[in-house]
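One structure is given below, encoded as structure tokens.
To keep things simple, chains are lettered A, B and C as they appear, and every chain counts its residues starting from 1.
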Amino acid sequence: MSLRSCPRVLAALSAAAVVAAAAATVSLSATVAAASSPFVIGFANPLTGSEATYGVSDEHAVNMAASQINKAGGIDGHKVKIDACDTQATPAIGVACADSFVSDHVNAVVGFFNSSISIPASGILHKADIPMVSAASTNPTLTEQGFKNVFRVCGTDNYQGAVEADFAYKILKVRRVVALNDEETYGQGVASFFGQSFKKLGGKVVEDEGIDADATDFTSVLTQIKSISPSVQLIEFGGFNPAAGLLIKQARGLGITVPFISDDGVIGPLYYQTGGQSTVGTYLSSSPTPQNLAQGKDAIPAAKTFLQQYVKQFGQPTEYAGYSYEAVEVIANAAKTEHSIAANKVIAGLAATHNYRGTTGIVDFNSIGNNITPQYLIYKVQPGGGNKAYWNPNAKSKS
Amino acid sequence: MSLLRVSDLRVRYGAIQAVRGISFQVEEGECVTILGANGAGKSSTLRAVAGLHRPSGGSVTFGSQVVTGEPAHRIARSGISLVPEGRQVFGTLTIRENLELGGYVQSASANGEALERVLGIFPAFRQRLGALAGTLSGGEQQMLALGRALMTRPRLLMMDEPSLGLAPIVANQIFGILTEIVGSGIAVLLVEQNVHRALQVASRGYVLELGEVVLEGTAASLLADDHVRLAYLGHGMGEAE
Amino acid sequence: MSLQELLQQIANGLVVGSVYGLIALGYTMVYGIVRLINFAQGGLYEVGAYLGVFFFTLMGKFGLQYPIPAVLITLVISMTLTGALAFVVERVAYRPLRNAPLLAPLVSSLAMFFLLISVVQVVTGAEPLTYPSVLSPAPLHLGPIVLSPTSLIIFFAAILLMVGMQQFVRRTKVGKAMRATAANREAAALMGINTTRIVSLTFVLGGAMGAAAGILYGVNYGTVTYDMGEFGGLVAFTAAVMGGIGNVPGALVGGLTVGVLSSFASTFLPNQWNEAIVFAILILILAIRPQGILGERVAERA
């Protein structure tokens, strides 16, 4: 019964959303109409549910960006207006958000948080020719669909592998490595890009193997690695927990002492819980938090300002708040440089964004809309399980 | 009062009524035999008395206790010991372990005494206590099963076809020992195909046909009975000896 | 493969295999007594592991300061509770069906297995739980072989439990009664042995061994997952069959053999093949030597 009535409820909800949005647009145009029409940015994120912590933090950042732009006169007189939509981290609902953006005729979209929503939603926005900038979807596929309207300020899983390779080759100065992955899309992507980049730098991937993410005993594969260990200087793993924690624990138990590096599928409390002491001193690549970006000798000035203002109003931001802020800024910048709020102009402006210095560093879109400046930091696990930012690939400090 | 009093015992296997209300007694120290053809209900009777199969009716009284329908281990502990058809020794256990299990419910010291006594009856086992029971010959297994039953210090020993499948010379040994056991004052209830041998050891007998007692009497009277002679002893006494 | 790697792979296999052997003991003991493959054993192993996490975590700081006594206390509590659960399993899933055709208790034990695993999943969620790491990860060098202290302790604890159980079955009066019941249940009852209680006891001991395996596994790997009982149960069943199901020393031999075999197998094939390899081994044994390595020690004459 409840299942059958579900589509009808959804339809009713989205209809209500459309009406509400239309009403908002109407009332807005009534008050500001004289000057010029607003520049509406659709914002889609998980605002309720288990991922709401991120979504709400991103919403604060987006609103903050809009009000700062408006305070400074808007985009050539057009006030920025945020049209928020809750995806509940559910693809079906997220796609409904995209539909409502199309019927609202928004000028641009910031979203969607989850790659699983961003990818189908990008198709809808592509048909309507609406520019879309994602702040948190890192799956490579998003920008590989040939959609000219799609960009992202965050990194991709591929870049993450490249950053790991850079770190291994240039900072740890290792030349011979083993790359393992859990044979799932994400882990395989990170590990294979790590391998490719490492080879490009001149290193050698001695072994490249997939392991069963559901298994708990990796001693066999580790023993093999150990048997060639004098020549192996680092182990890289693309995947998630608990496999990563088990892997490092068993490696150390077998007397394998070489550095270990993994990814942001691994970073988090479960890694230390499963791997214990053995994880201390291992490296993890992950997107920088706004706090990281504002700290240390490589601190980005815009990130410092952002963090101060954000903390004053809302408390501590989560990982992708800075990117969400950045996404709005980049869109506004594109419209300003093109002196137009027309969709095709904004898309052209976005495509021409190079060397833009913002809150998360440098934004430089390539031909498919990826930010070619790797948006990853290398963290080092501390005694007790905390993660400390260890290396920033964008920092020009020579090492 | 009789040592074992069975009255109106009924045993049923599914739809088959194997024992149809039989009554019999065994007195203290007495050897009684149950005769009958295959399928007459002899083994079913012993199994029901021993508690291996729950009777569908009637009662079994042992001493002053009604034991009808009690589980086998309780009946064994009350002093009734059955040497089942086919010996049923514990093949994967040693001779010593088989015998010791016979004394399972006794204290260790009582078990030690019993073991000495049983080894006195079966001296051949003394040298082979560590041998696995499964490696013994049929006759040896029968002796072991008997020894194991004696380890429980029974007041009533029930034996189901002790000579089945054994060479005559071995069967004679078994019956020799059985006679000694009866002589030592232990009551014996014997089911045996070889009617002639059975009636030599027993003082009384019951003849079972299709689950009912058709005849009872002293060994001598049964040996002299025409029906018994015709049905179970072949044509006459001369033939059997 | 170098000699050193060969020895190391054998050592790895022995550590894992000792845990499988412990689980296999539960299968083999129950099978020996009632000729039933008690599939619930895999579930009991998992429940034991989870109870272990619960009690170990409950000890908090004490557990971190005195890891060995803490593990021992955890073992005792969890083995007792899992044993009690196995008692219930016997009452509910086996005893009412003991006179039914063999397929009935087999299916009900399988149902019990899924029930136990589902309950664990519902109660704990599908997230893996972790045992606190208590021992130093510093590896020990034993000649050419390197092992973590935890794996070494796990190996010896598992062997100790298995040998202890074998001695219990071999030497004690109750153990003899168990073997008698296994050899011939009716004859055992005629000796005054309460065979119903022996069957219960066998389930309880099997469950307790499963729980011990679960805890040792958890302490070794630091992680327990709601589906660990599936793979663990499957491998241990293979180990039991390999050693000769019903044969108590065979469980140890089978466990160690399967452990070493799968350790070698995953050197030559990616470890996603693990389950396939275990199944292949099972099929091979059933086809070539169904009585297992040790088999029945003597052909029983009826």
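FYI, contacts are C-beta pairs under 8 Å (C-beta built on N, C-alpha and C of every residue); 3 or more make two chains touch, one makes a residue touch a chain.
This is a predicted model, so every value here is computed, not measured.
Colleague: Could you classify the connectivity of these chains, where an edge means two chains touch, as line, ring, star, complete or other?
Modeller: Drawn as a graph, the chains make an open path, so a line.
Colleague: Give me the ID of the chain with the smallest distance between its Cα centroid and the all-protein Cα centroid.
Modeller: Smallest centre-to-centre distance to the global C-alpha mean: chain C.
Colleague: Quick one: subunit A and subunit B, Cα centre-to-centre, how many Å?
Modeller: Measuring from centre to centre gives 86 Å for this pair.
Colleague: In whole angstrom, how far does the Cα centroid of subunit B sit from the Cα centroid of subunit C?
Modeller: That pair's centroid distance is 43 Å.
Colleague: Considering subunit B alone, which of its residues make contact with at least two other chains?
Modeller: Within subunit B, no residue touches at least two other chains.
Colleague: For subunit C, which residues count as touching subunit A in their complex?
Modeller: Residues 1-2, 4-5, 8-9, 12, 15-16, 128, 130, 132-133, 136-137, 139, 141, 146-148, 150-151, 217, 221-223, 225, 227-228, 231, 263-264, 266-267, 270-272, 274.
Colleague: In their shared complex, at which residues does subunit A touch subunit C?
Modeller: Answer in residue numbers: 183, 209-212, 214-221, 223-224, 226-227, 241-242, 245-246, 249-250, 252-255, 270, 273-278.
Colleague: Okay, in this complex, where on subunit B does subunit C touch?
Modeller: Where subunit B meets subunit C, its residues are 50-52, 71-73, 76-77, 81-82, 84, 86, 88-93, 97, 100-102, 104-105, 132, 134-135, 138, 141, 148-149, 152.
Colleague: Of all residues in subunit C, which touch subunit B in the complex?
Modeller: The contact residues of subunit C facing subunit B are 173, 176-177, 179-180, 182-184, 186-196, 296-302.
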